[in-house]
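Consider the two complexes below, in which chain A is the common component and chain B and chain C are the respective partners.
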Partner chain A sequence: MMQQKSFIRTLVLLTVLGLALSMAPKADSLPTGINGFSEKGCTCHGAVPDPGVTPSIEGLPANFNASTTYTLTISFTGGPSGTSAAPENLGGFNLAVDSGTLANIGEDVQIWGSNEAGHTELGNDQTSWNVDWTSPASGSATFTLATNSVNGDGGASPDDKWNMMSMTVQGPSAGAAAEELQSADPFVVLITLIIVSGILLASVILYTFYRVSPDGFNWDSFSPWIVEWLTSTDHKKVGTLYFIAGFFFLGVGGVMALLIRIQLAVPGNDFLTQDQYNSFFTMHGTTMIFLAAMPLINGFANWLIPLQIGAHDLALPRINAMSFWLQPFAALLIFTGVFSGQAADVGWTGYAPYIVSETAHTGTTLWAAGQIMLVASSTLTGINFLATICGMRAPGMGWMQMPLFTWSIFIANLMLFLSIPAWGVGLIQVYLDRTIGTAFYHVASGGDPLLWSHLFWYFGHPEVYVVILPAFGVISEVLATSARRSVFGYRSMVYAMAGIGIVAFIVYGHHMFTSGMSPTLRFVTMLTTMLVAVPTGIKIFNWLKTMHRGSLVYRTHTLWALGFLVTFTLGGISGMFFPSLAMDTHLHETYFVVAHFHYVFVGGTVFGVFCGIYYWFPKMSGRMMDEKLGLLHFLTGFISFNGIFWPMHKLGVLGMARRHHTWFITTDDFANIPAEMASWNLFITVSAFLFFFSNFIMVANMIKTVVAGEKAPADPWGGWSFEWMCSSPPPTPSFDPHNPPVLRDANEHIASEPTRFGQWFESLMMPEDDEKEVSH
Partner chain B sequence: MGIASAAFDSLWNEYLVWSAIVGGFTFIWLAHHSLTYRSKDDDDDWVDVDGIEVGVFPKHNDNISLELAWTIIPFILIVYLTYISWGPLSDVWADPNDPDSAYGLDCTDAAADPNKCYHIIDITAQQWFWSFECPEYAGPTLCDASEYQDLNGTMVPVLSLKEGEFYLANLTSLDVTHAPWFVSFGVKEDAVPGLDTQVWIIPTCEEADCGGEDGESTLLLCTEYCGDDHAYMAAVINVHK
Partner chain C sequence: MSGDYGHDDHGHHASPWGPHDWSHGAPHNSFAPLIMSAGFALFLYGFANVFVGGEVADLGALSGVMLGLIIVTIGLLVWWRQDMTFDGVYEPKATGAPFRNIDIRKVSMWIFLMSEMMVFTSLFSTYIRYRLGIPNCNDVFLSGEWIEGTSVVCFEPAAHLIASSWFHLAPGAVNTFALIISSFTVVLALKTAKMSDKKYSDKYEVEMENVQAHRSRKVAVFLGATLFLATLFLTLKMIEWFVGFPTPGPLTNLNHGHSEIASLYTEGYRINADTYQHYAYDTSYHDGKDIPPDSALYSMMQAGTHPGGVMMADIRVGASTFFVTTGTHGVHVLAGMIGLAYMTLKGLRGGWGPSNAVTIEYFGLYWHFVDLVWVLVFPFFYLF
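Coming up: the complex of A and B.
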C-alpha cells in the first residue's frame, strides 16, 4: 500500500512537471515582437489611410554600416497637396525608427526623444524634408513613416489625405555577447502568468482529487470522474464549474489590474505602451464583469436556488450545462486577441464609432464574437432560473415565502433576460460592420454612433444591478442568520428589489449625460436616477434594523456582511453625485467614477461573493472553513481595498481622467494634479498589490478546508431555508422529486393563500393541462 | 479643488454636507448595533424571538411605520437634492438664441447687448489632436489658438481665453467620438462625428489676479476613449484678465 501511494505521488509530480515543461516554452518561443512596433504619435489628418498618397524614404542603403550617419530624404506624392491656388500648408510627416538616433538638419524638422521626427510649423509648407539618422552598432532598423497630404486651406480638414509605410534595413549582425537584455513585454508577462495560473489550478484540482481518492489515478477510475465533470448536468457540479471559472478569471483580471496600476504608479511611466495599456483596461473590465462576477453569481445561483426552493435540480439542466460551457469558449475568443498582441482596445463599453474604425485593434472582432456567445449564455441562464423559480418551488412556498437570495436571483435574471438581447443586437451589428462591411456605425455612410450607446446602456445599466442584486440577497441571508433574527421588513425588501429592478430600466441615460443626447432625455433620466436611491436606502436601513435586539454571532461571513454595509453605503453615496447633471459634466469619465463603481462592484458584489463563500462553503464541501484565516483575509482585504479606491475620489475631482495611459502633475506651465496629491497614486498601487495577494488567503483556506477541514453539520449557522435541511454536502438529486419538502409558515395569522394578483400570476406560470389534472 | 465653476462648487459643497450626514447616521447606527447586539459567550439568556427553525418561514419582523419613515424621509431628501440640481441646468443648457438667457446672444448679432454676449469657438477633434478656431474679430486677448506648448514630450495647442467673457464652443469630430474636458471649468461634452454638439465655457481663475502676466494655465483632456494616443490628446487652456 505504501509503495503504491508513493508511486502515485511520483506520478502526480511527473504529470505536473510534464504539464509545466510542455507549456512554458510556448511563452518563450513567441516571436520577439509579440505586440509589434507601435506607430506612436501619428497625428494624421483623417481616420483612414488613403492609398492615393505615396510616402517614400530615400538615402537608405540596403544594408547599413555600424554607427554611420545617413541623410534621409522624406517625401510624398499624390493627395490634395498643392491643388489650392494659394496654399497655406502643403503637408506633414511623422517618422519613427526603432533603433539608432534621429537628428534634425534644418528648422523645418523637430525631434522627439531620439527616435521620432516630425515637421515643425515651418515645415508645413513643404512636401519633402531632410533628416539625419545615425545607425546603431548592429541589428536591424525599422522605419515607420506617415505623411499628410494637405489641401492648403490653412487647417486640418476632412479633405486632407494621409498614408503610411514602413521599411526595414539590415545592419551588421551582432555577436551573441553584444545582444542587449530586453525588458519583459507585459503581454508575455500576462500570458506566462495565465499559463502558470492554469498549471497551478490544474495541480490544485489534481491534488484535491488525489487526496479525496488516492487510487483514482488509474485510468479506469479517472476517466469516469473527468467525464462526469465535463458532461454533468447536476446543478451542484455545474455550480462548482462556474466557481472554478469565476475565480480563475478573477485572478486573471486582477493581474491585469496590477499591470495597469504599475503603469499609473508614477507620472509619465512607460511600463506599458499605450497600445498595451488600452488593451489591458479593456480586457480587465470585460474579464471582471463577464468572466468573473457573472460566473461567480451563477455559481451561487446554480448551487443554491434548487436547494433553497426544495427542487431536485434546475428546470432545464441541459440548457444549464450549455450556458456554462459557452463561457470558456467565449473566453477563448475574447482572449484570442491578447495572444496575437492585438487584443481589443475599445473599453468594456466599446463605444461606436471607434469600435468599428480602422484604428481599433483587430482583436476587437473576436472580442465582439466572444461577447455574442456570452449573451447567448446569459439569455439561456435567465430563462432557466425564471422557469425554475416560477415552476418548481416546494409546496407551501408562495412568492412571499421565498428566501431573499432566491428573490434576488429571480429579479436579477428577469432583468438580464429582458435587457441583454438588446446588447446582443448591437454586438451583431458591430460584428457585421467589422467583417462584411455593413454600415450600422460608420458615420460617413450614415451610421449612428449614439445607437450603440443606447443599446449598450439599455443593457449596461440593468447589468450593474444584475451583479449587485444577488449580493443583496447574500447579505440579507447572512445578516439575518448571524443576528439570529428573521430579516427586518421581508416584504419591503422584496418590494425594494423589485423597485430597483423596474427603475433600473429607465435610468440608463445617466451614462450619456455628456453624449449629445437630447436634453429632455437627460433631464428625465436625472430624475429617475435620483429615485434609485430610495429603494437602495430602504434595503440598507432594513439590514441595520435586522441587527436590532438580535444576537450577532461574529463569524467571517458576518464580518464581510458588515464590511459590505460600509463599502456599499460609501459607493451608494458617491453614486448620488452623478445624477446631478451640473456636477456630472465635471465628474464624468474621471477617477471619481472609477472609485464609485469599484466601491459598489468590488465593495458590493465581490464582498458579497466572499461573504457567500464563507457562509455556504461548509454546505457545498461538507467541511468547516478556518475562522482565523478568514479573519486575516477580511482584515487585509478590507483595509487594502479602501486604500486602493478611497484616494481615487480626490484624484478624479482634481483632474485625473479615466482610461488614460498617464496623468499630469502641476508644473510651472500648467496646473493639474498637485504634486503632493500625486503620491497617492503610488499608495494606490501598493494597496492594489496587497489586496490582490490578500485574496490568496481565502484560496488557501478553501484548499485547506477541502483537504483537512472539520466535518460540517447540516445547519452550522442556524439558517431556516431548505438548503440547511439536507446533509452537507447535499445528496444528488438534492431533494426527492416525488416527495419534496413542505415549507411551513410561522405567520399563522397571515392567510397562506396567494392574493388575487398572485393567483393571476400563478395561472400564467402554470400550463392549462396541469390545472385540469389538478381539478380531477 | 481647482474647480472654478460656480454651479459645480455650490452643488459639490451641499452634496458633501448631505453625504456626511447620511453616511454619519448610517455608520453610527451600524457601529452601535454591531457592537451592542453581539452574542455573549455565556449564551444562556438568548431568546429566539423569531422562532428560527429549518423548514419554517420565520415570523415576520417588521414595523410598517419605520419602513415608511425610511422610504419617505430619503425621498424628501432626494426631492430636495433634485431641486438644487435643477437650478444650474438653465445655465448649463442655456439657449444660444434666447436674449434673456444667462449669456445673451452672439456678439456679432446686431440685437446683442455688448455687455452680455458670447463668442463662438469652433473645436474640431481628430485622432489625436484638437483644433481651435477663434472668431474672426477676436484679438489675441479675447481668443487665441496660435501657440503650441510642450506637455511632457507632446506638442499640444494652447487656447487663450479672457476671464469674464462667455464662450460657446461648437464641437465636431472628424473620425471617432472625443470629448474635451475643461478640467478647471468643470465642463465636458462629447464631440461626435456626424453630430453637432455645443458646450458653454465660462473661463474663471482660481487666483484673484488671474496668475499675473502670463495668466493661469490648466489642461484640457480628452475624456471619451478614442484609441492609441487618447491620453496625450490634450490642450493647454490659458485664462488671463
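Coming up: the complex of A and C.
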C-alpha cells in the first residue's frame, strides 16, 4: 500500500517536473545565435551568390573598445543595380552579428532581435545604409552581411544578384587575467553566486539535519524532518524560516551593493554597463527592503509577539505559514529577470511612465508580479499580528502593559496594513498595463504618472517607518534591560510611536517635491514632515534618559543599541534637510539622499536587527553567543558602515548625482566635481567590502553558538517581559493554551481592567442573543 | 523542543494532508500554504508570458496559467479537507480587552475588511483622478475641438453607454438585486444554522434525532441559493462585457427598434480602443438633431467653421478604469463563490449546526462587504 502510494506520488512529481522543464526554456532569453541566417544566406533574389556583387562594411575599427557605439555604413558595388531608369528598388541587405547590439538610425533599416538588421520598404531604394552597433564588453564580433543588387523592376527576376561576406573584429586586447575577470558579465557573476548560495543552503540544511540526528542520517528520518519545516504552522518555526530567508537575501542584496560599489570605485568605470547598473540598483533596493529587512522583522515578530503577550501561538497559524511561503516564490518571480539578463531596471520606486514602457526591461513585469505576492503576504501578516495583539494578550495585560517591542510591531503592522493596498492596486494596474494592455499609466492615452507616485509613496513612506519602528521596539527593550531599569517614559514612548504612525500617512508628499506636484501640497507635506522629528526626538530623549540613571551593562546587544543611537540620530538629522523645500530641490538627486536613507535603513533597521539577534539569540537557540566575536563584529561593522556612508554626505553636497551609472572628475561649471572625490569614492568601496565581510563574523558566531555554545538560562540578561519566563528555547505551544499566564502588578493584583470606554466598547462587541442561543 | 503541557499537537505527527484534530487547539501542519503560493506564482508567471504589451505573445504559456490554477486548487482542496471536520467545539476566543470573549476569527475578519476598504478606496481614487482630470468625451464632442480622422484623448464613462437605454442597464440592475437578495439568503442560512435543536424540531416538525441532518441540509439550500445568485451575477457581467443579448420581440420598439443589445466589447468599449467611434459622437446621427443648439459645436457647424463628421477618441484610460474596478469587484464575488461552494458542500454533508454557525456569520461579513462595494460601484460606473 505504502509502495503504491509513493509510486503515485513519484509519478505526479515527475509530471510536474516535466511540465516545468518544458516551460523552462521560456525563462531563458539570453540572446544566442542568429536565427540560422548565416548558414542559409539570402535566396530572395537569385538562388546562388554571385561574385559580381561586393558587399562591404565601413566604420568598424580593427579592435573595438568595450561597450562603445559605432556607426556602420553598409553598401555594395556591382550587379544590376542602377541599370533601370527609376531610382527605386535598387537593393537590400541583411546583417547579422554574433555579439553586441544593433540599433537602427533612420527609417530605412529595421532590427530583428538585437543582433540582426535588414532594410525596410523605404530602404529598398538605396544602395547604402547606416546602422549603429554597440560593441560587447569583451571577446570578438563576427559580422555576416548579405546584400542584393536589384535591377529596379520591383520583383524577383533572374537579373537580380546577391552575395555575402563575413568579417571578424577583435575586442579589447585579452591580455592579463585580471582584465578578463573585470570584463566578466556581471549577470553571470550574480547567477553563479546565487546558484552557489543555493547549493550552500542545501548543504547547510543537510548538515543541520545531520547535527540534529547523527544516528538517523537517512531518507526515512530526513523526510518527516524536512516536511515538518515545510508545513509547520508553529510561530517559532515560521519565524526561523523568516530569519533564514531574510539573511540569505541580505547577502544577495549585499553582493549587488558590492558590484555597484566596484562600478563606482573609479571615475568613468564600465565594469557594469548602464543597463546592468540600472538593474542592479533596482534589485538591490527591492531585495534589501522587501526580501531582507521585512522578513528579518517578521522573524522577530513571529518569534516574540506570542511569547511577549503570553499567547500559545499567533491568532491564525496557517495564515502565518501562508504569509511566509508567499515570499520565496515572490522572490523567484522578482529574480526571474536576472536569469534572463533582463532584470527590472525601474528603481525600487518603479516610476511611471517608464515602468509601463516597452523600453523597460521585460523582467519588470514579473518584478511587479512578485511584488503583488509580497503585498498579499504583508496583508495576511497584518491581519494576523493585529488580531493576535488585539485579542490574545494574557489576562491582566492591558494596552499600557504591553512590552514596547509588541507596541512597535502593532503600530508598524497597522501602518503597513492600511497603506499597502494602495501600492497593491498600483502594482496590479502596472501588471495589467504591461500584460493585457490597459492604459493606466500610458501618457499618450491620458494616463497620469503622478497617480503612480501618489499610490506608491502613500505606501512607500509608511513603509520606511514600518521597517524602523520594530527597530525602535528592539532598542527600547535592550536599553531598558541593559540599564537594569524600566524604560523612561513608557507612555510617551507609546504615544510617540502612535504619533509617528499617524503622521506617516500625511508626509509622503516630500518624496515628490521635484515631481511637479501642487505647491500647496508641497507646503503642507513640508510642515508635516518636519513634525516627524518631534515624536522621534521624544524617543531619542527617552532612551538617553533611560541610560542616565540606569547602570549600563556593556554586552554586545548594548553596544549595537548605542551604535544605533548614534547612527540613527545622524540619519534623522540629515533627514531634516529634505522637508525644507528649497534645500530638497538642491539635494534631491544627490548622494546626500543615499547617505540619509542608508543611515536610517542600515544604521537604524539593520543595526536594530543585529542588536535583537544578540539579545534574543540565546532565547531562540538555547545557547549563549560569543561576546568576543560580538565585540569584534560591532567594532568592524560600526566603523566600516560609517566609512561607507559618512563621506557620501560630502559627495552629495558637492553634487555627485545618485542613480547615475558613473561619474567624472570635471571642472565643468555646472557639474564641478573636484579631484578629491576620486579618493573618497575608492575609500567608500573599500569600506563597503569591509562592512560586507564583517557581517560574516556574526554568521560565524551564530554557527559557533548553535554547535558549541554554552547552555543559556531562561533569563540570561535580566529582562522581565513574558518571553524570559519560558525556557530557552521555549516549548511548543509556547504557553499552555488552556491555562495562560496572568500578568500581575507589584501588589499581586491583576494589572489592568478596561477603562469605562473599553467596557462600553466591549458591550457593543457582544450581542446578547449569542449568549442565549449558542452555548459551548 | 517537546511540549511541556500535554497539549502538544505537533508531537503526534498527524499527516500534513489530512483533517485536523481540533481537540488539540491550533491547527497542525499543512502543505496548503506552500502549494497555494507555488500555484499563485506559476499563474502570474504564465500570465505575463501569454500577454505582453496588450498582445498575445505566447499562447503556449497558457499551460503555465492553467497549471498554476490547478495547483492553487489542489492547495485549496487540502486546506478545505483539513477544515471540513471543524464542528465549533474549539473556537479560539480573544482574551485581551476590549475584545474579551469575542471569537478571534471575528476580530480577524473585521481587520481584513479594513484592508479591503483600502483596496477599493485606491481604485476609486484612480477613478476620481481620471474622471475629473481627463475631459469627458461628450464635452469634447460638443466643444467642437476635434477633427474627423484624428484621435482625441478623452474619458468615456461606461455609464454613457450603459445608462443610454434601460436594456443596457438591465444586467447591472438585475445584478444589484441579485447581490442584495444573496445577502439576505446568507442571513437566512445563518438564522437556520443557529436555531437550537428543540426550536427547529418544533418549527419544522422534525424528529429530534434527525434535526442535525435536516437543519444542515436546509442551511445548504440557502447557501446554494446564495451561490446561484453569485453565479448569476458573474454570468450577467460576462454578458454585459462580452456577449450581449437579443431584445425580446415585443420590446424592440422600446429599444429604438434594435433587435439586439450589443455588449460593451462589441460597442468598441475596450481597454485598447485608441480609435473609438460611436454613433453618439457622429454629427450626422439623427441628422444632427441630438446636438444641443447651445453647444459650441452647433454654432461652429452653423457658421461653417466645423466640417462635422465622426469624432474618433482614445478612451483607453476610461475603459481600463471601468474594467479593472468592476473586475476587481468580480474577483471578490468569485472568491466568495469559492467559499460558498465549500460551505454548501459542508452543509450537504451535515456539517452545520448552532455550535459552528458563526462561520456563516463571518463569511456573511465579507459577503455584505462585497455587496456594499457594489452599491458604490453601481452608481459611479453604471449610472453617472
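Just a few scattered comments:
Following the convention adopted for this analysis, the second predicted complex is superposed on the first by the 559 of 776 C-alpha atoms of A that agree within 3 Å, B and C clash if a C-alpha of one lies under 4 Å from a C-alpha of the other, contacts with A are read in each partner's own complex, and residues count from 1 in each chain.
Convention: contacts are C-beta pairs under 8 Å (C-beta built on N, C-alpha and C of every residue); 3 or more make two chains touch, one makes a residue touch a chain.
Everything quoted here is computed from the prediction, not taken from an experiment.
By the touch criterion defined above, A:Val653 reaches chain B but does not reach chain C. Once the two complexes are laid over each other on the shared chain, residue contacts for A:Asp275 go to chain B alone; chain C is not touched.
Judged by the touch definition given at the top, the superposed model places A:Asp313 against chain C, while chain B stays out of reach. By the touch criterion defined above, A:Ile697 lies against neither chain B nor chain C after alignment on the C-alpha atoms of chain A. Contacts of chain A with chain B, set against its contacts with chain C after fitting on chain A, overlap at residues 397, 447-448.
Interface of chain C with chain A (complex): residues 1-5, 7-10, 13, 16, 25-34, 36-38, 40-41, 44-55, 58, 60-61, 63-64, 67, 79, 88-89, 91-92, 94-102, 104, 107-108, 111-112, 114-116, 118-119, 121-123, 125-126, 129-130, 133-134, 153-155, 194-196, 271-272, 274, 314, 316-317, 319-321, 323-324, 328, 354-355, 357-358.
Note for the complex: chain B touches chain A at residues 1-3, 5, 7-8, 11-12, 15, 19, 22-23, 26-27, 29-30, 33-34, 37-40, 43, 46, 48-63, 66-67, 70-71, 74-75, 78, 81-82, 85, 88-89, 91-93, 124, 126-129, 131, 133, 148-155, 174-177, 179, 181, 183-184, 186-190, 192-195, 197, 206, 216-219, 221-232, 234, 236. The part of chain A that touches chain C in the complex is made up of residues 16, 19, 22-23, 26, 224, 227-228, 230-234, 236, 309, 312-313, 315-318, 321-322, 324-326, 328-330, 332-333, 336, 358, 362, 365-366, 369-370, 372-373, 376, 379, 382-384, 386-387, 389-395, 397-399, 417-422, 424-426, 428-429, 431-440, 442, 444-448, 451, 454-455, 727, 729-733, 736-740, 752-754, 758-759, 761-762, 765-766, 773-774, 776.
Chain contact summary for the complex, chain A toward chain B: residues 38-41, 43-47, 110, 112-113, 121, 155-156, 158, 267-268, 274-275, 277-278, 345-347, 351-354, 357, 359-360, 397, 401, 443, 447-450, 481, 483-492, 514-516, 519, 523, 526-527, 530-531, 533-534, 537-538, 540-542, 544-554, 562, 565-566, 569-570, 573-574, 576-577, 579-583, 585-586, 588-590, 653-655, 657-662, 664, 669-672, 714-715, 718-722, 724-725, 741-747, 750.
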